[in-house]
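Each of the next two complexes has chain A plus one more chain, namely chain B in the first and chain C in the second.
For the complex of A and B:
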């Protein structure tokens, strides 16, 4: 899952997958601003066939948190 | 395009931007709601058509102010959503009395006038009509929000400014459907009502206007004859065997296509024929056939012969002195179209659909390619509206300047000094505010409560209201003690972008200095800590008259002697204070 998330992040932010560290977050990826965060949310929802809640969207602020939230959502399904 | 995933579309958009290169075609969006994903949707749509567009946004809910700074944009899009004409109007409108509703309408009309005047030199201004649909689609009876939208739409339609295109927003909503267009998830947190699919659809809807203004509009509509202008084959079925009559099932779609073409011609599009046929037979049909809508005089040029279509299309372009990329060619044969596609990639192609009943729809859809902004007397047809509008304008106030406009808002600040009831909101403001934030220090509720409990700290927050509504607690300053006597350090100074562009930060700062002075503070230290997002306040303290103490890339330190502070004295903001704990 982490690799797929990285793949999506790379395409959304226009960066190389290998520049996305295990703890990638808005602080470490310059292109990750609030505007592109919306794009990331849309792309992740599409890629994983999920829909994040309003609270969850605000929590998706690092690669580990994204994977955690996705695991929760896909486990419920 | 629809097979691609969203992330792939973003990638494609970036790649196209790089490939097209050159000076970008700058498009500026002024909006009172958040419409971020319009950027990708519109850029991609236009880049796929060869225009290297770059979309940028004015400050949130600063349409009037932003219109004064949009001079260099090649197109300006104004998205003034009905829900945010005044705070939470989508549910407040029915609760307002007639006078309050009139006030909102008057102000918005004046804003439209002021913004249009500011944008009079822009090559193109796209303005969305006002729609209550997202907020009251199921209502059986119209409510006050409908009244407001109706009044503003009438005002918009009565505008005569040549560069203005008023877009029927309801139509775009209808294309996606209300449920798909509105994404309430982002509405409360970010004031972003529209879904991504909706904004992409909207981009497709307005793209023809932007392309036309950029010189990308098509100019010539070229028809094959058999199974294209009429149903049947002239050489085989004969003049009386071909069908294009409304009275026949298999002719009716062709009658409709001819009327659509005739309307395009009336609006300045050139029509042409490119057909393999005997020229005399085609001429006879054009001259005498009772069911033809289009006649010989309607065609600027005809190439009816047995030559290949590529040569004929080349000649049509050459004789009209136009580029091949001005041509749209309609034919029923995939074989012919393939050949043209290969040889003349600039020509836009339309294939007559196998299901003939789809044909008029395909052509209607294609009309956008010929878009021009010229307004004919016919589409005007609104004499009555002009008359009413002139009468209204004679009576209504107009704003001569931005200050006049701001004065009309009746802005009021309530300054809350050390108010513990605000702890959750204040912590949230420090967490969420990125742009107008001098130091970007984040505080939890516990930390914020501790600051409020500490008598050495002053925590000042402000609430902004204007005559149209309440914007809530939207600004915060925290003054911290220092080791120096009579000296305070500005730990935090921030403001939500909801209330940008109204001068309230300066009015607030005047009062902040006054309050600190009252507490015996004579000297203030402040700093600007650079982040990726707070460039807009890089010289905030400079403009207030602070002295730079030292600066490096990440941090600029300032000092101010309270006695030397020159107040901004903004006269259009009413201020009152509310004190929590003493101190």
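For the complex of A and C:
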């Protein structure tokens, strides 16, 4: 799952997958601003076939948190 | 101060004249056009009353296809580059923006940091009244956007979007 998330992040942020670390967050990826965060949310929903709630959208602020939330959502499905 | 405003109005009138002179476009009342040299408009397009069409100063292009109708009060901000396909219709007050402010930068300065991301709207799309197409959004051909939706992200052909953030609907 983490690799798939990294692929989506690389596409949305326009960077190489290898530049995305295990603890990637807005502080470590310059292109991760509020606008691209929304693009990332939409792209993740499409890639994984899930729907994030409004509260979850605000919490997706690092790669580990994204993976954790996706695991929860995919487990519920 | 008054001369500054008069000069500005004269420049805007000139830009509007150049748009009408160069392109086959029907322009209704109170339309504003800026940076016309970066704008290309196809055949039989309509800009309804109050449309604000902003080109690019930074070398990007605003390309509008054939038979495109921009509804009354619409705003197209094309600084980051914008492409609109043929036969696409904009309802009233649709906003398409390709620029946004860097929320992490110093806002109390005349040189606040702005970011630009190109947008693309496919052929035959229908955008409902009041919808907002955000920077970097890409819509495929024949998409429909419900009124007052806020569109982020990349979408394929024949998608119907609604909500904020807009998501696919059946």
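Everything below uses one rule, namely that the second predicted complex is superposed on the first by the 77 of 77 C-alpha atoms of A that agree within 3 Å, B and C clash if a C-alpha of one lies under 4 Å from a C-alpha of the other, contacts with A are read in each partner's own complex, and residues count from 1 in each chain.
Following the convention adopted for this analysis, a contact is a pair of C-beta atoms (placed from the backbone, for glycine too) under 8 Å apart; a residue touches a chain by one contact, two chains touch by 3 or more.
Here the structure is a predicted model, which means the values were calculated and not measured.
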First, second, both or neither for A:58, with chain B first and chain C second: first
Partner chain in contact with A:33 - chain B first, chain C second, else both or neither: both
Chain A residues touched by each partner, larger count belonging to chain B or chain C: B
Partner chain in contact with A:46 - chain B first, chain C second, else both or neither: both
Footprint overlap on chain A, where chain B in one structure and chain C in the other make contact: 33-35, 38-39, 42-43, 46
Chain B residues touching chain A - in the complex, by the definition given at the top: 5-8, 10-11, 14, 36-37, 39-40, 185-186, 188-189, 192, 196, 434, 532-533
Chain A residues touching chain B - in the complex, by the definition given at the top: 7-8, 11-12, 14, 30, 33-35, 38-39, 42-43, 46-47, 53-54, 57-58
Touch list for chain C against partner chain A, complex: 100, 102-104, 115, 117, 134-137, 152-154, 165, 167
Chain A residues within the chain C interface of the complex: 33-36, 38-39, 41-43, 45-46, 51
